[in-house]
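Here chain A shows up in two complexes: once beside chain B, once beside chain C.
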Partner chain A sequence: MAPAVLLVTLFLLAPFVWTVYRSFFSDTRTSPFSWFDNYSLFASDPALSRSIQNTLMWVLGTVALPFVLGLAIACMTNAGRFSRLARLCVVLPYALSGSAVAVVWNFMLTTDGAVNQVLTGLGLDSLAQGWLLTWPGNTVVMILANAWQATGVAVILFLVGLQSIPPETLEAGALDGASGWQQFRHIVLPQLRPVSIIVIGMSLVNGLKSFDLIWVLTQGGPGRATETLAVSMYNETFLELRPGAGAAIAVVLTVIVLAASWLYLRRQLDVKGV
Partner chain B sequence: MSASGRTSSAAVPLARRRFLTGVAAGAAALAAGGCARGASTSAQPGTTSISNDNATWDDGYRAAGRELKKITGYTLRPLSNPSVTSYQQVVQMTLQTSKSSDLVKWASGYQLKRLARAGGLTDLTPVWKGYAAKGWVRGTSRESVSYRGKVFGIPLYESYYVLFYSKPVFGKLGLSAPSSWDELLHCAEVLKRNKITPFLASQVGGWPAIEWFQELVSKVDPGFYQQLVAGEASYTDDRARRAMDIWHDFMRKGWMTSPDFDQARGPGALKEGTVGMFLHGTWQASGMSAAGMKPGTDYGAFILPTVRPASQKSVIAESGVFVVPSRASSHEAAMANVGAWLDPAVQRVWSDFLQDSSANPKVRASNPVVASLQRDIARNRRTALVRYWEASPPSLIQGNTNDLGGFMAGQTSPATTLRRMQERAHDEWAAWKRDEA
Partner chain C sequence: MSLGRVLRNAVIAVLALLWLVPTWLLVVNALVPAGSYSGSPHWLPQHFGLFGNMSQAWDKANLGPALGNSLLYSVVSAAAAAVIAGFAAFATIVMPVKRQALWFWVIYSGTLLPLQVFIRPLFLSYAHTSLYDTQTGLVLIYTAIAVPFAFFVMRNYALTLPREVVEAARMDGASWWRVFWQIHVPLTRSAMIAVFVFQFVAVWNDLMFGITMVTSRNIRPVMAALADLQGNYSNVGPPIVLAGALLVSLPTVVLFFSAQRFFVSSLKIHR
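Right after this comes the complex of A and B.
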């Protein structure tokens, strides 16, 4: 145990304690102790308020979309002639890095990008717009881009879950006259609960810490309109040169991630583990 | 304990030992890698290392280094980190260590003052005095490379913010480089009528959002621009409002590209004739060549005319600097090279590489477009104004740049943008002065 504890302490706990400590000091040259001044920025800085709004949107989007799409695609591709090919197409984006995904979507979403060119080509000029320029549309399209990538892992997990469902239970339901939807609602879905817990838990944390896609696509801009807390933390620390404010955001973000994960898992996991 | 238990308990420490050995080996490999990386900044005979955030300049440094070697005996060995943000972090951290490179490329103005204030830089005042005696530096540049009266940076290059334009496109439409505000507006109207976006404006990457702001404010009133960036005038002043209203009007008329237009595509857009004029630093001249455009034939450049004919003429100037860390691995060699950097023989090679104007006023640019701009600046006695990015405390500039990016995307009105910028200016100047005190 001791080496493991040492490593965790050295590389995880000590930096966190230092971050908490730093968050109580101001960002002037002499860095005096400033109590909760850095935390009060959440009330006074409109950029941070917008950052919290965006983070909530990301959490909702990254939980709901991969879950619903992942489940639907897994059910549709669990059996069938072209299911392997379809699965591969959906899962492939998951193998790409967030930055690579962002580069591809940047090509699509800029004002003179592929999406607007297609719309213009179809005579739908009125729908063409600066997808990454206006809030909240820019955050929504980035969430969709993220879902395009993140759905792959949800599909894999749901497929594993579906294949572990005993066929007898479905056969029994069919013999009792249950329709396809009733079988899905009352037989399949309850047996996918353990997998669902994992998918939602992972998506929740990924949504709260989303960074790479946003950074490459908009760098949190225009202005600071598309920042999430993770991007704000980076922006305050390294661009605005306010490490104290950045540390405060890091602490708040960590507390939110831990609290959300704990509350969710505590409700979902019983004593036996699932 | 059972036999199986003993076996099990014997196996666990073995597995753990193996794991720890693996971790230790990994750490050793990482450390070795780190040392190898550090070794690249350590002293190497006959060379001086130079930290640089623009990898496309590496060949230029090597070519200039060959000239330097004839004078000092030391070449230049560029170490590039193309991400500006991470470059700044790495430089600031390594300045405090013994692994600092010999020369570091940095920005002038308040960016340099902040670095100098943290300590760890060599006082280059004697080097500056030597250059000044030979007339190899502009006396007006001294303030932008100094902190508390001491010089900490030697000019690396000098660029001007100008409007590049496509000569074939202008020729086809019967236009010429405008010399007055009315002529500029006429050019924009004609270009727009011919389905060419008159001006390139971008906020991709953050900092380009300052370009039109600094340009328009300084062309409304250059004296006001100087007061504004020095913290002696308000962003809510009528003159700043006038500049923002002009900008807003240009955007409303569809005279500017979408703010998510990447400037890297600027030369190509000029060549294709989809954009009429591209506001950028003269260092973009090398980008024009890379796009296959010949100076004077395919493209020209002019300085934005003043809004009122009677206004003082000015030009926005950008100057990067070399700094010498006091703990540089080869400090003596670094001082020798920084002391010969502005030698005309070295600057000839460097200026030719950049296709830009040299920081040594005695070296004429070989690019005819840039040379013509240099003549214009001298003939019209244009006041050289420090680029906005370096002209005020960094935290203020970064925040205001974000606000300008928001304005370009239509998030805020001119009045709201200026009010926010003024509020930040009030706070950040107070913080800077408090820190200085």
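Right after this comes the complex of A and C.
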């Protein structure tokens, strides 16, 4: 046990404590203790307010899209001949890294990219645009790109959940005359509750932590318009050289992530009984 | 076939095609020879220039050393994390250690915190201790990051094992060290493999530490090289960047589909 405790303490917990500590000192040359000045930047700095807005959009998008699409695709492809093939198409992107997904979507979304090419080909020239250039459209398309990748894992998890549902319960429902939708609503959905919580919790935390996709696609730009908290922290610390502000963002992000983790950890730990 | 079935199949087909489009374009345009790329995306493969593109990407972004580095980081960190987490799980579950809950939280808390919280202190201390821009430095960080989640999975798996085996071995006079290697490790092998595969992919795909803790082109991991290549998008041209992305993704894609069983099981244990 000692090696694990040592590694974690040295490389993870000590830096964490240091970051919290650093967040209370300002970024002037002598770095005096400044109470919560760095935290008040969230109210005064327009780049950070935008970052908060974007983070909220990301959270909504990364929770809702993979959940709904994953559930729908898992239910529709649970049985059937072509379904394995169709499922493969959806799961495939999950095997790519965030950076590779960014490369693919850059190719789709640049001004002379595939999306604009299709729009022009369909005679919809007016819709063709620089997708990554204007807010809030750029954040929205990046959330879609993220959903393209993240839906795969939701599909896998929902399938595992669906296959663990005893078929007798569905047969009983059918005998009692429940329609397809009623069966889904009253028999399948309640039994998918545990899986749903995992999918939501995982998507939520991954959405909050997402960095690679945004960094490779836009570096948070243009003009810091597409930053989320994870990217803002990196920008403030390593590019703007304001480590105090960066530390404050990291702490706020931590609090949000911990709160989100609580959502599904509470269940896990109850069951496992630590 | 009923109307509902037809409708359902149609929806599946449309969704699958929609999903396939980016992947399809990635492959098709990585095939287009860089010289004959016309400026707008191709939709059908014509000539086969994939290997030419890959070798250009290889040269332009120094992919050779980057792939070697990432292989080293992923294998060593994932294996080390699996063993270290195995030790910790063994100690907190099998051995009679006091304050198990405390140790659990000390180790497990590492996976709850976002990586952004660690990065600057690590960066500063690395700059002070000459670990900055070294392979050892990155292996240490990747291992430390991987341990908490690996520990969580291994521990949950160890909870399901029967205690009687270990008790019998102890009665026969086996040391804890022997019990670990000869009984615990064989019993938890499938969890260990799941952890290894999962962490291998996580380390391989990391970007943030790769662009922060390293400056030399012959130390950096593969995703940092890809980000660099993407940064030269307009100079190098789309076919080469896409071929590079394809090349660096191949190992994890192959691993993912050959070890999908383990992925699913590690996700299930996660619950």
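In this section, the second predicted complex is superposed on the first by the 254 of 274 C-alpha atoms of A that agree within 3 Å, B and C clash if a C-alpha of one lies under 4 Å from a C-alpha of the other, contacts with A are read in each partner's own complex, and residues count from 1 in each chain.
Going forward, contacts are C-beta pairs under 8 Å (C-beta built on N, C-alpha and C of every residue); 3 or more make two chains touch, one makes a residue touch a chain.
Since we're looking at a predicted model, the values are computed, not measured.
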| item | value |
| --- | --- |
| Partner chain(s) touched by A:158 [first = chain B, second = chain C, both, neither] | neither |
| Which partner reaches more residues of chain A (counting touched residues only), chain B or chain C | C |
| Partner chain in contact with A:238 - chain B first, chain C second, else both or neither | both |
| Touching partner for A:222 - first (chain B), second (chain C), both, neither | first |
| Touching partner for A:194 - first (chain B), second (chain C), both, neither | second |
| Touched partner set for A:25, first chain B, second chain C, both or neither | neither |
| Chain B versus chain C as contact partner of A:261, first or second or both or neither | second |
| Partner chain in contact with A:3 - chain B first, chain C second, else both or neither | both |
| Which of chain B and chain C A:134 touches, first, second, both or neither | first |
| First, second, both or neither for A:111, with chain B first and chain C second | first |
| Set intersection of chain A contacts, chain C complex versus chain B complex | 3, 7, 110, 112, 238 |
| Touching residues (chain side chain C, partner chain A) in the complex | 4, 8-9, 11-13, 15-17, 19-23, 25-26, 29, 39-41, 84-85, 87-88, 90-92, 97, 100-101, 103-107, 109-110, 112-123, 140-141, 143-145, 147-148, 151, 156, 159, 204-205, 207-208, 212, 223, 226-227, 230, 233, 238, 241-242, 244-246, 248-249, 252-253, 256-257, 263-264, 267-268, 270-271 |
| Interface residues, chain A side, partner chain C - complex | 1, 3-5, 7-16, 18-19, 22, 69, 73, 76-77, 80, 82-83, 85-86, 89-90, 92-100, 102-108, 110, 112-114, 117, 148, 151, 153, 156-157, 160, 180, 194-195, 198, 208-209, 211-212, 215-216, 230, 233-234, 237-238, 243, 246-247, 249-251, 253-254, 257-258, 261, 265, 268, 272, 274 |
| Touch list for chain A against partner chain B, complex | 3, 7, 28-30, 47, 110-112, 130, 132-135, 219, 221-225, 238-242 |
| Contact footprint of chain A on chain B as seen in their complex | 16, 20, 23, 85, 88-89, 117, 203, 205-206, 258-262, 394-395, 398-399, 402-403, 405-412, 431, 434-435 |
